[in-house]
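Next up: the structures, one after another.
Heads up, the next two complexes both have subunit A, just with different partners, subunit B and then subunit C.
After this line comes the complex of A and B, so read on.
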């Protein structure tokens, strides 16, 4: 049998603690919200106007010039004046009143965005304030469809986001989403009205990979995957848009792909590093996704790394050390020739004009008259390349990219 | 695979437009014996392309027609509640799970019935529309829509499904409540166009699903066979 006396003591002690805590928390939990630029008057609790008091802000005494009797007057408050304000009775230094002052602004019109990246499962809406209010805000979102109000389930992460599951598809009536933001100083709201189809925008394709193709100096193989958030690519297929350009040029090439998740680029400039991105879209509805993460790749080249060696080796007649010596019979002398200096005997003006016009088309800022024609179509200009400027030919230093 | 190279998407739709216009002028879709599955696959692809073409055409037509109706019908966020009378027009709206679970037959039949009825209603618009230009466009759209109905019938027969009874389903009640006033008549027209648009969006998805389920269909569009 438990001894009643100690348990009674525990109960009384607990009650005292609770009351004490409540009294203190009542003093501590008082929060006051004020607008930036407002004039604030704080009263010292129940003290008379003419009582002698001392105010502190965050523990620092406040000068008497801010006092009107026992009232604290703060004019044209700014954000730096937020903090804990306490009022102490003059002589006894009893704490008579305490408050947290939070200076802020009423909310501006929020920014709301709704999107379906997982059609036909549903859609999500996310929002934010265009500028901070510096005080706590609460958001309320309502989704109305026809006459029915639907519940948008708030996401834990990220905050300021909620999602709705579609119960029906192919609706003629639009959805209306209204977001209201409220804080102690005011409220504001915004609305979006849209058709189910209009907000479909997939996430960008994932795992984009670009690789050179061995023995093909102008090809790059690109492959990617459907975004993992797209639930049903079988019934709701995606189409893709691929863009690529060499790093040195600004102009993108585009290819639209209606099926498959890979593509081979066949017109890459030999030896140039490329940047490649892919975007996705539902075959029939909605808008294009953002561009995927960019991947870089350079087409396969047969050049060895140290070209000075090559220049020396071609002078030797030994066939045994010759993987640098090009096969004597096969010379590729079309305009994309990798080693055009072999074709010198076969070059004609039409070839040179074509190359120079190609470069002047894609790099008009270079100035055709400045650079003349460049003999060589790979990498940068190397030691063995020759640059023609007007009638004079000059050898250019190694790795000098024009 | 289309190499767009920076051209606006309208150019590729131009090709489809010519192709589909040519297809629509065919008197009927011949039922194929022998390579029936192959035929069905091509018919499905053709029907899919036709829905896309019609959706594209409807955008222009609806814009013109709603302008003719005047405000508020031509305002972009006009979002009225559906009135009971508007439910005579077949609705594309369907529960997600129900739509997923539709059999091929049910899916095709729903499309067939819907477009047959929508065609009837659209033809009813013909006589009253404003300018000759608008009436001409409506007429052209009706012909294309007729082609779609025929195309769907072709798919159904090549897959061995019977056509739903009667092209118009339940006949329109003879005293089909003509709208009591001008505004409600315009509302009817508004909902007709909206429902047509939604059906065309839905059909694209319906035929996508059908495409996957009819192996080993060769679903490439053969432009060269049509002389383009």
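After this line comes the complex of A and C, so read on.
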């Protein structure tokens, strides 16, 4: 006698297959693209207009108010109405029609850019859409050079880029690059025409380093490297533009350097932190690179001198860099803010005499605003300034700069 | 040891000539760019107009540029600038015939560039002398006599000449820089850049 279990399984399996076939035998499943703001009418496959049907959107029943007979009417569609729409026969719930609605826009004019950062090897073009279309787009790029059509090889990454190798150099004939973007709702294109030299723009210099120069409070040494993408700097040397400013100022200073990959800044403000950047350009053609990553550096500053009976006190009466620091036998009291003789017990007498003589000459009144005269002009300290060596810092008082 | 590292007199002379040649070429390029602006304006042309390759005008375009030997570079440059010397003289003559003294600025600019082209050609001859090759003879060089062209065709031809000269000025800077690089010798040293 035959085993009944395998037979039962076969029957069940067959039934499942039949039901599945019935449900999918009359339904169409595809993708439908519609513009934002359009009115969309969906027919329930081959069902008659007056057939009883149920529509769902992403599995949720759609209200009958959107139906005209068995047709689904969507007015003024928006992006949120993208999704899977299904139509079922009234009582049997057989799936009669299914579509995936993608609401989007036709492409706007794409933005195209071509550049040679590896001259004389070749150039690349990259593109993007100024606004999303919300549906898939395809891009086609053509490059014409004179009468010759060239192949722009698509990069694996990023996807919206392709590159061309120069077959000849020093041509007067221009390149014309045309990019066409197409989607289910429309197409758009843009073109660029340029000559070989105009698009040359190196990448920024790399590995920019700035260091203080020992015993030189107004110098900073800056060094950098050619961008690694520039293939032959010996045959096609780059020149550089260096800009720098102290953090406390907005105005940059600039230096153009026709050779070498280093420079010493000699007019830095003592003790001020600087921000420095470098850009590169081929010596003869093209445009400047973007600025490099910014580096920060502070010029070397002298450590505070400790005054003793043998030490000389430095006076700050000129515009040159000079310091006025309290003697080490003094605690760092706020002597800017108080009369010096209030610290008498802690002060060296020779220092006190010097302070008194300066004070009587330049600051007959006790107003704090006068203290700036004592320190002098450029290079002198403000009360909020710091002294130290390299990156070490030590506060010397409150801000009382005039 | 020290003597082996010291560049020879020939090498030093070559570098000096190349440096001066690069400066000449850069100045020439700058002046040709100014001349192009004047020419386009005076001749009533559109600066963006495309001009087909002009017969008799040496093309600066080079395939496998980086693989050329130094001597080949010099010979190509010399042939080009000798041709430009003749072409610019023809343009100057045409300009005087057409405009006379009415457009002195264009005439002066053309003459100035012609002078620089002549000077550069002479400079290249010096470099070739240094390579112990000696410059080739000048007889028979240069473009053929210009065909009989309409006035507009003459203007387009002139535009093509100046544009090509501008390209040559850039190429010459590159060629001389290659020539000045230390190597086994200008006669046999190709450029190092690959992919051309």
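Assume the second predicted complex is superposed on the first by the 275 of 402 C-alpha atoms of A that agree within 3 Å, B and C clash if a C-alpha of one lies under 4 Å from a C-alpha of the other, contacts with A are read in each partner's own complex, and residues count from 1 in each chain.
Here, contacts are C-beta pairs under 8 Å (C-beta built on N, C-alpha and C of every residue); 3 or more make two chains touch, one makes a residue touch a chain.
Quick caveat: nothing in here was measured; it's all calculated off a predicted structure.
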{"item": "Combined model on subunit A where subunit B meets subunit C, clash or fit", "value": "clash"}
{"item": "Touched partner set for A:171, first subunit B, second subunit C, both or neither", "value": "both"}
{"item": "Partner touching more residues of subunit A, whether subunit B or subunit C", "value": "B"}
{"item": "Contacts of A:148 with subunit B and subunit C, given as first, second, both or neither", "value": "neither"}
{"item": "Touched partner set for A:94, first subunit B, second subunit C, both or neither", "value": "neither"}
{"item": "First (subunit B), second (subunit C), both or neither touched by A:234", "value": "both"}
{"item": "Overlap of subunit C and subunit B interfaces on subunit A (superposed complexes)", "value": "120, 166-174, 197, 234-237, 283-285"}
{"item": "Contact set on subunit A toward subunit B in their complex", "value": "120, 146-147, 166-174, 176, 193, 197, 234-237, 241, 252-259, 263, 283-285"}
{"item": "Contacting residues of subunit C [partner subunit A, same complex]", "value": "26, 29, 50-51, 59-63, 65-66, 160, 163-164, 166-168, 170-171, 173-174, 177-178, 181, 191-193, 195-196"}
{"item": "Subunit A contact footprint on subunit B (complex, rising order)", "value": "1-6, 12, 52, 77, 79, 81-82, 91-96, 99-100, 191, 194-195, 198-199, 201-202, 204-205, 208-209, 212"}
{"item": "Residue ranges of subunit A in contact with subunit C within the complex", "value": "120-122, 165-174, 197, 231-232, 234-237, 283-285"}
